[in-house]
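Heads up: the structure comes next, in structure tokens.
For reference, chains read A, B, C, D, E and F in written order, and residue numbers begin at 1 within each chain.
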Amino acid sequence: MTRLKAAIIGGGNIADKNHIPALKHLSDQVDLVAICSRDLSKARALADLHDVPHAFDQTAELYRQCAPDVVIICTPNYLHYLQTIEALEQGCHVFCEKPPALNAQNAREMADLAHHKGRVLAYNFQLRQASEYALLMRCKADGLLGDIYHIKASFVRRRGIPGWGYFTNKAMQGGGALMDLGVHVLDLALHTLGYPSPDQVLGNTYDFIGKAGGKGLLGQWNPDAFEVEDGATAYLTFPNKASIMLSASFALNMEAEKERNLEVFGSRGGAKLFPFSLHTELAGELADIHFPFLEDIDIQLKNTSAFLDACAGKPSNVCTAEQGAILQEIVERIYQSAER
Amino acid sequence: MTRLKAAIIGGGNIADKNHIPALKHLSDQVDLVAICSRDLSKARALADLHDVPHAFDQTAELYRQCAPDVVIICTPNYLHYLQTIEALEQGCHVFCEKPPALNAQNAREMADLAHHKGRVLAYNFQLRQASEYALLMRCKADGLLGDIYHIKASFVRRRGIPGWGYFTNKAMQGGGALMDLGVHVLDLALHTLGYPSPDQVLGNTYDFIGKAGGKGLLGQWNPDAFEVEDGATAYLTFPNKASIMLSASFALNMEAEKERNLEVFGSRGGAKLFPFSLHTELAGELADIHFPFLEDIDIQLKNTSAFLDACAGKPSNVCTAEQGAILQEIVERIYQSAER
Amino acid sequence: MTRLKAAIIGGGNIADKNHIPALKHLSDQVDLVAICSRDLSKARALADLHDVPHAFDQTAELYRQCAPDVVIICTPNYLHYLQTIEALEQGCHVFCEKPPALNAQNAREMADLAHHKGRVLAYNFQLRQASEYALLMRCKADGLLGDIYHIKASFVRRRGIPGWGYFTNKAMQGGGALMDLGVHVLDLALHTLGYPSPDQVLGNTYDFIGKAGGKGLLGQWNPDAFEVEDGATAYLTFPNKASIMLSASFALNMEAEKERNLEVFGSRGGAKLFPFSLHTELAGELADIHFPFLEDIDIQLKNTSAFLDACAGKPSNVCTAEQGAILQEIVERIYQSAER
Amino acid sequence: MTRLKAAIIGGGNIADKNHIPALKHLSDQVDLVAICSRDLSKARALADLHDVPHAFDQTAELYRQCAPDVVIICTPNYLHYLQTIEALEQGCHVFCEKPPALNAQNAREMADLAHHKGRVLAYNFQLRQASEYALLMRCKADGLLGDIYHIKASFVRRRGIPGWGYFTNKAMQGGGALMDLGVHVLDLALHTLGYPSPDQVLGNTYDFIGKAGGKGLLGQWNPDAFEVEDGATAYLTFPNKASIMLSASFALNMEAEKERNLEVFGSRGGAKLFPFSLHTELAGELADIHFPFLEDIDIQLKNTSAFLDACAGKPSNVCTAEQGAILQEIVERIYQSAER
Amino acid sequence: MTRLKAAIIGGGNIADKNHIPALKHLSDQVDLVAICSRDLSKARALADLHDVPHAFDQTAELYRQCAPDVVIICTPNYLHYLQTIEALEQGCHVFCEKPPALNAQNAREMADLAHHKGRVLAYNFQLRQASEYALLMRCKADGLLGDIYHIKASFVRRRGIPGWGYFTNKAMQGGGALMDLGVHVLDLALHTLGYPSPDQVLGNTYDFIGKAGGKGLLGQWNPDAFEVEDGATAYLTFPNKASIMLSASFALNMEAEKERNLEVFGSRGGAKLFPFSLHTELAGELADIHFPFLEDIDIQLKNTSAFLDACAGKPSNVCTAEQGAILQEIVERIYQSAER
Amino acid sequence: MTRLKAAIIGGGNIADKNHIPALKHLSDQVDLVAICSRDLSKARALADLHDVPHAFDQTAELYRQCAPDVVIICTPNYLHYLQTIEALEQGCHVFCEKPPALNAQNAREMADLAHHKGRVLAYNFQLRQASEYALLMRCKADGLLGDIYHIKASFVRRRGIPGWGYFTNKAMQGGGALMDLGVHVLDLALHTLGYPSPDQVLGNTYDFIGKAGGKGLLGQWNPDAFEVEDGATAYLTFPNKASIMLSASFALNMEAEKERNLEVFGSRGGAKLFPFSLHTELAGELADIHFPFLEDIDIQLKNTSAFLDACAGKPSNVCTAEQGAILQEIVERIYQSAER
């Protein structure tokens, strides 16, 4: 197998804690040769920390000097589009952080260019690699669920508006809880159904708590600079008559500190995760099935590996450019519905 | 106070176990003078059991002989409309079982006639009298919830398709889980919001399990005669930007045997019932509040009493004819949405 | 179907609480015409209580006057043999309480005579009808257990030596905890394996607590009249290499008040009852399966019904005469082993 | 006290993690002077890691150069016999890993030679030093158990066939779960009874799961190279009428991940470990006694110390050569019984 | 044994539910011949209900017509003194409800007269007969507690001010929670210590909640008629250096609905009831001992029986006249301390 | 803000683990310049470990060379008085470990001198900074408790007599469990009430277990050198009719390993800590309120910071010299009461 040259764009936490360690673990397949950040000192510090040869503050320089095969984009949401387009134009495979872009048209263009260039563009929805989700896919494949007709997907926090970063900045993030949390479980729900495009989308967004302020559990946010939704709900229907109920929230007056659930209802069985349980009939009786020994997996490592598989033309369950475009369109339709 | 003369139409379980005992307990306000059922022997047996003077199999005869002030309608759904119209025409107050009717237009006509006749028409949504719901209303009134912007309402069973009665007969019931179970929690959710009419409604219905058959927990239903939805979900948005997520099901592959939940999310606090808990900030910290000593109440007795209060012109929280018409219209819009 | 005439021999608790009510429930198939007890007044009182026409204190008279088709034997163990032989000689089907007899030879003769006479002889091991055991059989039939190679069967009590009856009388009962409790779970274990005859049997009996006395939880027994084993353990191996571990006890210094367990270990799955759980692999992962809605069944009614099915030549899972003879031989080999 | 010179034979995990740290902790009594392994580089690496002066790959050289007083044998089972014989011949005390040997005759010869040479030969059954077992011994000594007449001993895992090492190699290990796990609890059970020799032994072994393969929880084993039993059960009776039920398994379709139990039943009380609880009568009532503050002990350190006590002629509860021979004979009788 | 003639004075709940049923159960020792109540119709109704021959509304008439051997006094507290004096003067044994009297001097006179007349005067502290307390006494006798040096006694309710009866009437009851609840556990604590007289008493009473009103859990009390303490605490020291902490409350802002605890601390062990647990050292380790099978006892029946034993000159653990006088004096000293 | 120069007197654990790290964290406000211990090598080692410039074994030398602004006294109790007096005379602010002194007069003199010198003297009761206590104070301030009228304060251990240090030495510590543990919760209780002086104090001390010996859970103490109380209980009443029940113990035969509770009962609500819960009425119902997200705080750091605030003339909730004097007087009155 040819080894690939990789570069990382973006010098924040997600590069430092997720992508760089994953690439280092996969050093039999990939060489991380450069890190690029607007702040050169940050890029260099990160490169030194992880033993990466090059550091840049201009992507043009990066492409000129290093000619990477693969680019990992870990910048704020508003930069995903331009940096992906540039990387694809440079002939690189691209592994872009979620969400794909600020709007549906950008995501569509990104997918089209990737297709046109014959390059892999993938998005980093790591939950696809969770043991629980892998088991769901096996249960579905084994027919244990029958026809799946309804999914409840939720990723909500009681008072988890981050007190750091750009999470509440509309221009840079494009949105709030839906863009940051909701897309994870929406991606899982869509993937479970085969990634269909919904025929109808109805949604709502809220910002009462974000704008009012209060006790924070992820640091203290600034209510006066709170520009995004603190929560969103939506309902999607699909041509095959299936439906999805979606809830995403940074701040909800509920009991749990956070909930990240996928409830899948099928004609023969239903599954709930996380954690995973299966509810069906077995031997003529209603059965509850638990799997107490699911492995605890490094989902970033596995997702980066899945991206590299895709680059190598191997089967892979990484989120594709096409799927990213469908998802981004749904997000946009939810926001539009909420603005009615 | 003038004592009222009451008659019951319908000789089934709901008359026997709910309405007759409630009227008997309220004998200081009301005399139950007659029971009318298509099956005269059933009417007479019930009358004998509960010491009621008259039994009929024709409503015309009932009105002629007894001239009741109040009529309680406990018949299958498809009879609610005509029997209510007849009773109102006879100048009676009417306490009708839920749901109001088979369709929105009938419910609207019933409300209009009641208004025109100056008579009370009310629907028997007893959950309004539950201690938990009364506490929710007090919390709302005390400002503990702030602005309520989202409600999740669900009434679902794992495998609770009744193996008796007309519950799966489309012509007689007008629908399945939504008509039988969903309306209860939809009424609570709407009442919590002040009974607004939604601007948008999107919904879905399912019948995989009902038509396939399987292990029943409320007797064994006949899948070949299963004509209604076994489940429905819907999403409602309101002019004030609030939203409701609704789930109703006779049969869902989930862990619990049944769930009847109302989750109310407000800007200052959130409440979950049943049972009741409140989640808010207190003394500058996030607080979970439980009420371990809520009274166990005879909700039918209290709802019948609320209906009699309405007849006497006193304040009452019984479901009004107008509210019933709004609710029935929403149900119809959900079914229409599902048939897209 | 021909209705059968039935008579009960024995006027104790087991007749009063188990067999007579079951026969009364099955009155579409069987008429209970007589009760016979050494104590005529007891027989008559019981007959009056349950509306049974005849009462006797001599079986000869019973056969002469009533000519029953079916005889239920509910007497102390030492009478099972002679009364069964007499009933078979009279051409009756016989439903005999457990254990079959005081020794293996008697049980063998009983089986041989039933065979010779073409009559049904069955033993009342009601646990075979428990929902949990029925589910075990279905799981086995569906291949969920694979090859069953080891069973742990135990029926033990912490301090449950009965303070009444003949339970501690060696001459009348033939033994103690093994004869009274152990045979129930031994029958289940053997039936699960297809009722093979073991190639080797090793066992032990104990009477420390029974003879020493102490706090009783089923009344206070008399340690000076304690003649049987208070506990027994045994190990059985079978020609197909399967094995059974058996524990039976009236009095064991353990934590639980009582335990009645069957643990079945197979190549593909293992099951534990009571209650029932299944432990296997599903979708490539280790799975624990629980069945929260098993029906609570009247096992005596169902076992009596199974006996009547056998009399009518229908398929039945009641304990046969042949099985009873195998079981009694094992019990005898355990006692012999213990006396080494 | 004279300090002893010690050498370790075997360079695997058990030397590295158990024996060497224990000897180092006991450096006031013993000097670890050498490590010998077939693989000299392994021996040297281990010696360097733990600051041990010498490393060898030939035991002859070890004895020639170092003349140790004490030898610790940590090699695979098939080497225990020859290496122990050699060490005793060299006049050393020997502390040998469990099980003693591949067969009863070897274990007997080892014990006889130790006796003849006047040297200590002991086996490393560390569970004897567990707080729970020490408490059991004190309860027994204080008469809280009375006469002990039955013990259930089990050491079973749900799916714990090691995916590394020689555990499934018949020639090197002599057996499977019984040799690796069962001997630990069998040793405790025998020691609790005073280490009697059983008069009868009946047993069974199984290999369905080991040979079929499946999900592993201790790595993935190779079913094609699985030559030993994955489980064994046995029943032992003793001249004083006591009995032992033994279960050992690498792979059992049960709920728990593993169980290591000793249930001791006596005439006055019963105890269960691990953890420890006592069930008896106190002040005329049935009492359950728990000991919430038992110390968490380094059982290897304490067992090595007990061995050194034995070498110094002090009282010690380490497993003696004679006990090892009795245990090995029982293991052999179980295997012989299983091959009937 | 001579049968005794008994009469009951007082026609309330405690007579109806406690004393009459107990006397009826003990009909081999005692004949209940009369019931006397100020309200004759009440007396007669009760007599009819329980098949008692005579009913009176004047005690003088009762004594004249029936000449009872034994009198049971079940009237409000303020009547205990005079009715007891009268009964003793009539030569009767007296079984008086708790508390003994309204003040210490009355209780002392009652005890002195009983002594002078040679008649039994006893008070109905039924908790002395509870299985848990009996076990405490056995543990103490067996030395399991060593020297008892401190007791915490509490009988408190969260919001249990009775909404009926005279419980909040100072003149009739003499006090509130201390007189009604506290005396029960104070009696147990004193009896545990051998009923010494304290050398020092310090106490406090409270009435914030009782006078303010609020949600009631035993009906709704009237805060405007609340004249007694809603709670009291006290500390008692004894010549032997032991001490008692006492808490009694009708209404306390705590989590539990009610707590009735006795915590006994001794040099060798400590016990807590209700329920009962024992905490001590056993076999050299700290042990927690639970007794899961304590009998559920009819404590009124057993206490009435104990009173009859005392009348018959047999050993009895019923609360004596002397003990009642000591207890009443302590209650008075607590109230005096609180009024400082 | 002027930076302060600080010195620590005492070289034990409390200096090493609590005070020095706290001062180091607050290095923006304070410079730790010296450590003084009777054992110079100890002082020097500690100074080296924490990078402190000076080490002394004579306080005179410390004052001469360093002229500190602030002195932290971490010596055994019997040295608190003289060292505090000396430090105040030197013009220093003093932060002294608890308890203030060996007797009330010393504590009073210390407070008077601090007042006279215009210097801060404070005692290190860190529990005042616990999140739970801060929340209690906020609840009290918000009126959620109403009038507080009774507090139960306890700090008890099952078998926690320290096996090291001077804890059982009467001359050096002045007392046992009350001086070491009880003062912590007594300080909280008094502070909750506004630090009133009690009008009456009654108490008791015990030493049964301490003098008898037994199993220790904090090492093994020497019963022959046990000179202090192992436990104390007391009851305090205040002019405003409030009361405190106090329990302190090193060794109590109870179930829990330790309990540190403050139960505060008020007219509107009651609170229990640790952990914190609030019990009151809300929306007309009895409510239990829990706060699941209280922060885990470094209470020593926060208390040292509070002391520095006091030195800087800022508001502070550190225990003042005056409060310390009141507390010490109560302790003395308890001991005097116990010696009656």
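Please note the rule applied: contacts are C-beta pairs under 8 Å (C-beta built on N, C-alpha and C of every residue); 3 or more make two chains touch, one makes a residue touch a chain.
Just so we're clear, the structure is a prediction, and the values are computed from it rather than from any experiment.
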| item | value |
| --- | --- |
| More contacts between chains, B-F or A-B | A-B |
| Reference subunit C; chain at largest CA-centroid distance | F |
| Rounded Å distance between subunit C and subunit D, as computed from the means of their C-alpha atoms | 42 |
| Centre-to-centre distance between subunit C and subunit A (centres being mean Cα positions), rounded to whole Å | 61 |
| Length of the line joining the C-alpha centres of subunit B and subunit C, rounded to whole Å | 51 |
| Sequence positions of subunit E contacting 2 or more other chains | 159, 215, 217, 284-286, 288, 292-293 |
| Touching residues (chain side subunit D, partner subunit E) in the complex | 135, 138-139, 142, 144, 278, 282-294 |
| Subunit E residues touching subunit F - in the complex, by the definition given at the top | 146-147, 149-150, 158-159, 199-200, 202, 204, 206, 208-209, 212, 214-215, 217, 231, 233-235, 237, 241-243, 245, 247, 252-255, 263, 265-270, 272, 277, 279-281, 284-286, 288, 337, 340 |
